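You will see two complexes here that share subunit A, one where it goes with subunit B and one where it goes with subunit C.
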Partner chain A sequence: MTKIAGWVLVIVGLAAIAWFGVLPRVRPHIFHGTVIQSSTAAPAVDLISHEGERVSLEDFEGEVVVIYFGYTFCPDVCPATLADLDEALELMGDGAEDVRVIMVSVDPERDTPEVLARYVPAFNDDFVGLTGTRQEVAQLATVYGVYFEKRDVEGAAGYLVDHTASFLVVDKSGFLKLVLPFGTSPEDIADDLAYLAG
Partner chain B sequence: MISPTWPAERHRIPAALLAIVLVVTACGGDDAAGADAGPTREVGGTDDESAAAATISVTDAWMRPAPAGSATTALYMAISNDGDDIDVLRTATIKGCAMTELHMTTMEDDVMTMSPLPDGITVTPDTTIVLGPGGIHVMCIGVETGFTEGDRATLELGFDGAGAVVVEAQVRRDG
Partner chain C sequence: MLLLLGVMAFTIFEPIQVLPRIRLAPGYAMTDQTGARLTSEDMRGQITLYSFGYTHCGEACDAVNATMAGVAERRDEVDLGGAELRFVTVSFDPERDTAPALAAYASQIGADGDMWRLAAPAPDLTKAIVGSGFRTWYEPREAGSFAFDPTLVLVDGWGVVRGEYRYQTVASDVDKLIRHIDILGEEIRNSHGAATVAYEAAHFFLCYP
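What follows is the complex of A and B.
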């Protein structure tokens, strides 16, 4: 009887090691976002940062780059997304060192580098705000499959900008890898980014 | 009419918590909002940001931090109509903002669209409208004094029926 109990214990122990120790390593990562199988490198970026310097994706070589198209006059969805991304990076701890978050302004008329410098680092010192001419931003949005359109409204705002709410992730090799929708929890964002950064 | 189902599930106040808060505000409302109460009622200031008027109660008011000079920020809350009549929130004023407007974000085919609500927000009896990220919000345009985490922002709401309701909102990063 004792012998049988011993064997049961051994089997349970081995199963636990397999379940908790081995399977998570061999099981493929299940992404929370939509995976993109790109055959070419992510489209080139060439815009002005909130520090007034020209920035390209090559500046972040070897990093996972999150690209979000938003604008500073947007009080609701844009800060919610940037706050979620900041929280995701906090959850990742040291793993966040290899992740860069970029917000490309879809409102370049209002969002000068100075305006972006007041807005973007308020969420995280390492976040980068990018702007350019309207044509430059429109070209970049098009090649990334992002929609935006200026719309006049009544009231003090004057105009607002409709835009794609999802954000994109470029992997360490420079390939567009993932699209995450607005509302993805910081935990899920952190899970996907940690996998790509690992 | 504004549907009470916004915003997305993850931002909605748990029903049980809201129920507790509403019970608390209903009890406090007897003293604060009697039949002879003036047109302006100063409420809120508790940890859960409860506010009570005769028929309207406002709970969990919070606002995103924004430094002075920022273009905008947003304020959120839950508005409950505990009375028998439809009430409409027409105006909102945040102290420290050059302009305050009621706005709504809608999402269609992954495109975010924000629009002012010039006709206000209708709150039907026995209904709670939850203002939250990705849905209805009070938009502060022109941040004058700056709001940092831990501050309290003063908001005055103007209802057709309940009159003026003053709410203290917590300044914090997320709901």
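What follows is the complex of A and C.
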């Protein structure tokens, strides 16, 4: 009887080691958003940066690229997301060197390169603001799963832009890898970006 | 011990089938048969089966429409754990497919307007949405007709394409679609707790049905 109890203890012990000790090491990284298993490169980007230069994803080869669709008149969601992204990069320390954050404006009529230059780098010097013609931006947003539409409001702004608030991560090989929802904490963002940058 | 681990691994991984997360479905804003806005954000959290066509389509759209109707009829067979199954037929002929034209066609093919909606994008974004986004090929031909590749696309609540069914290469059938939708349902029902880990891991083992 004692012998059986001993064996049960050994088995339970080994199972506990397997479950708590080994599994966390061998199981895949659990991302905080939705993983995409795309077999083709992320849709091409060809827009004007806040510094007035044409920019494509190839310019950031070897970097993890976070793409966010927002706009400078955005009252709450956009500044919150950009601030979270800045905090995530801060948490990553040196690991953040291989990460690039891009904000594509969904309000290209108002967000000229000059306007973006006053807004985007205020969150982080290395963030890049992108804009283009309405058609260029709309086509890019479409293939990145982002919806946006103007909504008239009273007051000085004239209109706001409803838009998909999640943001996208392109891995170092240029594949769209991850969609993170609005409200993902800086810690969780940093965790996923550090995994992809590592 | 090995046997025990084997049994554990079997029970954890064997019954799990997953659909690949192929790519992001496009973001869009369209107008449906009632004249209402229909956006990709409205579909968030729901499972959506998309088809593509146009109201002057004639017999070329019969097979796809019948498949949509067939899946719609059997939707009660799947448990989506609180999510709903929606159907959207996207027109690639937005100039002619106004809300009234879509409404007339909807009643012809049995689309109720709530669970199954017909919608047309803005003309200048149709190619981006249908062609680049949903990867469905179409091309205008003479006399207002179109050549196109009849396709069904299954999209999950995250806006990720989980299944593509092309009539030209693989004949789609209602049974298969129901089975795949059921797999998404199982994923939703297991989306909390330890089962999530097994699901994430299952994606690495490529157990695609």
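In the analysis below, the second predicted complex is superposed on the first by the 171 of 198 C-alpha atoms of A that agree within 3 Å, B and C clash if a C-alpha of one lies under 4 Å from a C-alpha of the other, contacts with A are read in each partner's own complex, and residues count from 1 in each chain.
The rule we apply is simple: a contact is a pair of C-beta atoms (placed from the backbone, for glycine too) under 8 Å apart; a residue touches a chain by one contact, two chains touch by 3 or more.
Worth saying up front: this structure is predicted, and the values here are computed from it rather than measured.
Once chain A of one complex is fitted onto chain A of the other, the partner contacts of A:Phe182 are limited to subunit B, with no touch recorded for subunit C. Residue contacts after overlaying the shared chain place A:Thr72 against subunit B, while subunit C stays out of touching range. In the overlay built on the shared chain, the residue A:Ala80 is in contact with subunit B alone; subunit C does not reach it. Look at A:Ala15: by the touch rule set out above, it reaches subunit C but stays clear of subunit B. When the two structures are aligned on the shared chain, A:Leu91 is found in touch with neither subunit B nor subunit C. Touch criterion met: A:Thr164 reaches subunit B and subunit C at once. Within the superposed three-chain model, A:Val153 lies in touch with subunit B and out of touch with subunit C [touch as defined at top]. By the document's definition of touching, neither partner reaches A:Ala117: not subunit B, not subunit C. Shared interface residues of subunit A (contacting subunit B in one complex, subunit C in the other): 147, 162, 164.
Contact residues of subunit C toward subunit A in the complex are 1, 4-5, 8, 20-29, 37, 39-41, 124-125, 128-129, 132-133, 158-160, 196-197, 200-201, 203-204. Considering their complex, residues 11, 14-15, 18, 27-28, 30-31, 34-40, 43, 135, 138-139, 141-149, 162, 164, 168, 176, 179 of subunit A touch subunit C.
Listed in rising order, the residues of subunit B touching subunit A in the complex are 8, 10, 64-67, 69-74, 98-99, 101, 103, 105, 107, 110-116, 118, 133-134, 137, 139-142, 173-174.
The touching residues of subunit A, when paired with subunit B in their complex, are 72-77, 79-80, 83-84, 87, 110, 115, 118-119, 122, 147, 151, 153-157, 160, 162-166, 181-183, 185.
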